[in-house]
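In the two complexes below, subunit A is the common chain; its partner is subunit B in one and subunit C in the other.
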Partner chain A sequence: MPARLSILIAEDNAADRMLLSTIVSRQGHRSLTASNGMEAVALFEQERPQLVLMDALMPVMDGFEAARRIKQMAGEELVPIIFLTSLTEGEALVRCLEAGGDDFLAKPYNRVILEAKINAMDRLRRLQDTVLQQRDLIAQHNEYLLNEQRVAKAVFDKVAHSGCLAAPNIRYLQSPYALFNGDLLLAAFKPSGGMHVLLGDFTGHGLPAAIGAMPLAEVFYGMTAKGYSLTEILREINAKLKRILPLGVFCCATLLNISFQRRVVEVWNGGLPDGYLLRANGAERVPLVSRHLPLGVLAPAAFNDRYEVFPLELGDRVFLLSDGVLEACNQQGELFGERRLHRVFSANRQPAQLFAEIQQALLNFRGELQDDVSLVEVSMVEEGSLSRGPLVFTGSGQNSPLDWSASFEFRGETLRRFNPLPFLLQLLLEVEGLRPQGGALYSVLAELYSNALEHGVLGLDSSLKCDAEGFAEYYLQRSTRLAQLREGYVRFHLQLVPESTGGRLTVRVEDSGSGFDGQAIVEQQLRVDRLCGRGLALVRQLSERCTWPEDGRGVSVEFSWLAGA
Partner chain B sequence: MSDIHLDSAVLAALQDVMEDEYPVLLDTYLADSEERLRLLRQAMREADAQGLRLAAHSFKGSCSNMGAPMLASLCKQLEEVGRRELLAEAPELIEQIEREFAIVRILFKSERQRYRT
Partner chain C sequence: MAITSLPSPDGQELTIVIQGRFDFGAHQEFRDAYERVNLSPKRYVVDLKGTTYLDSSALGMLLLLRDHAGGDHAQIRLLNCNPDVRKILAISNFEQLFQIT
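Moving on to the complex of A and B:
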């Protein structure tokens, strides 16, 4: 049963008007009548009828003009206008349509046809109504969605902001809403001055893809700041994502650990496209291949944290990309693919232009811009050339302990699995006076620890590292020997004493390495070698004092501070 | 009664639609038609082809609705004359229209009478 409509009848002929009005009323509608176009427009404005029956030729204002005005007032709403006419010339009918008419009714009127036309127009009218309502609803939902994304992005930016993506040795390209494509780019300084960089790509799109980014970023920044290693961070992120993400949601990622001091990069790639190590001389492109499942897939026990180590020269660049580049699709359904990417690499002359050239190649390939591309490039620079903010602390800063000593001995099994540095650093940074030196303290402890572990406990020969082959061999031996480690130890003796002006920390590091048979001079020489080049210089430069005790067992370093400094 | 002047089938349908309002419709038509005739004469006097056309068009519409086919047909011819601005042919046609309307008027009056009783 059609709804009761309010119908405007504009007809200058009184008899016809009366007839129509009666027919329309008998059909259950409400009729409004006007005897010329001007009256019709006024009545429409006042009563807003849903349908109009309009005579074409009328005095004062004709039906064409009235129809135009009514259509304009109706706006987006469909107010069907049926022209009442015995006009037979095609041209006149065209004028009716051009003025906004939707249908015609010829005289003499036929009740059955009129009723059918009113019903048909009412269906159209309601369809348009539904379309408009749904359009508004969709627009509203979309507005909600964008607003939610803005809020989510603002929160996320706060979390991600603690990073160092702005460092001068990092170049990156990400669409502003990359987060909602599932792309994630994080970079942070380690306490030692090195850098962790993570490029991640969550499965899916929109909020579900973005939701895992928050905990991942928290773990990444929190653990990096506390001095945890690449493998520990990977394990924690994997375990956390595995625990909280639904099945089928995971994160393809590459994590880089760059040491400017040692000039190496550690790379772990789980599921991202090959990254590349681009040599400064342009001679070589070393692929950084995915060797693992993405983060959040495997249970902690099955997770593999094995990473690869590459030596870097000044100016070498590590380039990572998300699959948006390779999977860009043109109108023929072809993928951009690695071959085209390599052509861009080969043609590149100015490193600074690489990103622009990749984008241009994508544009040429697709014919339109690609907006889900994430690119990042990290360069090896001189140590110390990057300025960085102070370490961030999570402690309350109260009840700072001042007078204590403690000794730790980490033995075989522990050395294989556990990195004692974050633990020691957290303990020492409870001392408020040491916090301004946190970075230096960490660097010195890290250097002394790796020296004790690699040379003392594992007996590795650092002279191996003089060329690229030896370099790889060195790290191969390191992991083999570490895996087989049963005995041996590294000891940390920490002594903290208050002084009148502040306080002093003495750290003595010993290891189970051999060759301490009182040959002090030889020993001394050996140690200098063992702390190969930059390492020793670093320890000396960063600590206040650095000594080798008489008995030759271990190294001793001191840090002091002034109260209130 | 001849259906050339007034179509009885149309009248039956009108009566069915209008019910009690049927006589009012007839009165309205007759009054409106007098007005159209006045406008036709005026337009002719003033040699207003467009006015002639509009009045003839409107008159034609109500005649066809009210079941006066002969009168509607004459109005249509006059409308055409107005459209083509052949004013010389108008007086003859108007005279025919007046004659035909006189007949239709009488027929409607009797229809009105018949309905009342």
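Moving on to the complex of A and C:
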């Protein structure tokens, strides 16, 4: 049973009007009648009927003009108009449709056909209604979605940009809504002055791809600021993503740990396309290959945190990209691919132009701009050439402990797995007066610890590091020996004493090794090639006093501060 | 894109054949291919011979299949990967989770 409609009948012949009205009423509809076009338009405006039967030729205003006006008033809503006409020549019928008519009915009227046409038009009308409702609903949902994305992006930007992407040695390119392509770029200074950089690419698009970015960024920034190492951060991110993301959602990522002081970069790549180490002299392009499954795939116990270490020279650049570059697709369905990327690299003369050249190559290839491309490049610069904000503290510093001492001994098993530096740093930074020197303090602790561990406990010879091969060998030996470590210790003795003007911290680090010839090292370090560590020199430079006993077993450093400084 | 699944005569192995692009659009169809069969095969084969392209969502779907098939004990072979597909699987190091031949 079709719905009851209100139907406007515009017909100048009173008998026909009566006949139509009767048919329509018998069908169960409500009829409204007008005797010319002008009346029909007025009645339409007043009553808003759902369907119109319109005579073509009428006095005052004909059906064509009335149809045009009614259609205009109806707007997006479909008000079907069926022309009633004794006109038979094709041209006149075409005029009916051009004026906005949806169908026509030839005189004399046939009740059955009229009923069928009204029903058919009613179906169309309802279809249009449904389409409009759905369109509005979709538009509304889309508006909600965009608004949610704006809010999410604003919140996320606060988190993501708390890092150091603006540092002068970083260049990057990302679409403003990269987050909703699943792309993520983070960079942060380490307490020691080096830098962690992460380029990530979550599976999927939209909010599901963006949702994992927040916890990842929090872990990345939180742990970097506290002095955790690359592998610890990777493990934590992997475990967290594995725990919170649904199965099948994961994050392809490359994490870089750049040390300006040691001039090395540590690289872990799980699932991102090859990054590249671009040498300042243009001599070679070292691929930084994905060696691992993406983050969030493996259970913590199965996760592999093995990274590669590369020496860097001033001006060397580490270049990372998301798969949007390589998977850009042209009209013929070909992918941009690595070969084309290498051609861009080879043709590049001005490093500063590289990103623009890659974009141009993509544009030429695809014929339109690619909006899901993320590129980042980090350069090796002189230690100390980057200015950075102070360390961020969580404590209020109201109850600063000033007079205490503590000793820690970290033994074999622990040295293999545990990094004591964040723990010690957090403890020491409870002392408010030390906070302004937090960075230097961390660097000194880190140097003393790695010297104690690598040379003292593991017995590694730093002179190995005097060329690139030896350098790789050194890190290979380091991880092998560390994995086999059963015995040995590193001790930290911390002593804090208040002084009349402030306070003083003394840190003594000892290890189970056979000691070292401090004087010889200092002399040697004035000469050695840059690949060798200059750890002790740095410690001397950053701390107020640095001493070691004759037998070279242990090093003492001191830091002091003035109250209120 | 079309996905068909074909059990072996003894019901021990299920072969899923993927034609065309294997991306997010295939999500439901791919799940149906292994969830809507009334048998519990011991081994799975994903035949990528006709697969022209594979994106990271597809990698996620493969992980879902792996979980369905028993997680770390799953026996899944990926067959007939073209060089592009193989490259994507290699970058993600999926050979650690799947047998790629």
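Here, the second predicted complex is superposed on the first by the 539 of 565 C-alpha atoms of A that agree within 3 Å, B and C clash if a C-alpha of one lies under 4 Å from a C-alpha of the other, contacts with A are read in each partner's own complex, and residues count from 1 in each chain.
The definition used in the following text is that contacts are C-beta pairs under 8 Å (C-beta built on N, C-alpha and C of every residue); 3 or more make two chains touch, one makes a residue touch a chain.
Since we're looking at a predicted model, the values are computed, not measured.
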| item | value |
| --- | --- |
| Three-chain arrangement built on subunit A, subunit B and subunit C clash or fit | fit |
| Computed vertex angle (subunit A) for partners subunit B and subunit C, CA, steps of 10° | 80 |
| First, second, both or neither for A:V344, with subunit B first and subunit C second | neither |
| Touching partner for A:D201 - first (subunit B), second (subunit C), both, neither | second |
| Partner chain(s) touched by A:P59 [first = subunit B, second = subunit C, both, neither] | first |
| First (subunit B), second (subunit C), both or neither touched by A:V286 | neither |
| Partner chain in contact with A:F250 - subunit B first, subunit C second, else both or neither | second |
| Partner chain(s) touched by A:V381 [first = subunit B, second = subunit C, both, neither] | neither |
| Comparison of subunit B and subunit C by subunit A residues contacted | C |
| Touching partner for A:L19 - first (subunit B), second (subunit C), both, neither | first |
| Minimal inter-chain CA distance - subunit C and subunit B, angstrom | 57 |
| Contacting residues of subunit A [partner subunit B, same complex] | 12-16, 18-19, 22-23, 26, 55, 57, 59, 84, 86, 107-109, 111 |
| Subunit A contact footprint on subunit C (complex, rising order) | 24, 52, 55-57, 59-61, 63-64, 67, 84, 90-94, 96-97 |
| Sites on subunit B touched by subunit A in the complex | 10, 13-14, 17-18, 21, 24-25, 28-29, 31-33, 54, 57-62, 64-67 |
| Touching residues (chain side subunit A, partner subunit C) in the complex | 182, 201, 203-205, 247-250, 252, 270-273, 290-294, 297, 323, 327, 333, 335 |
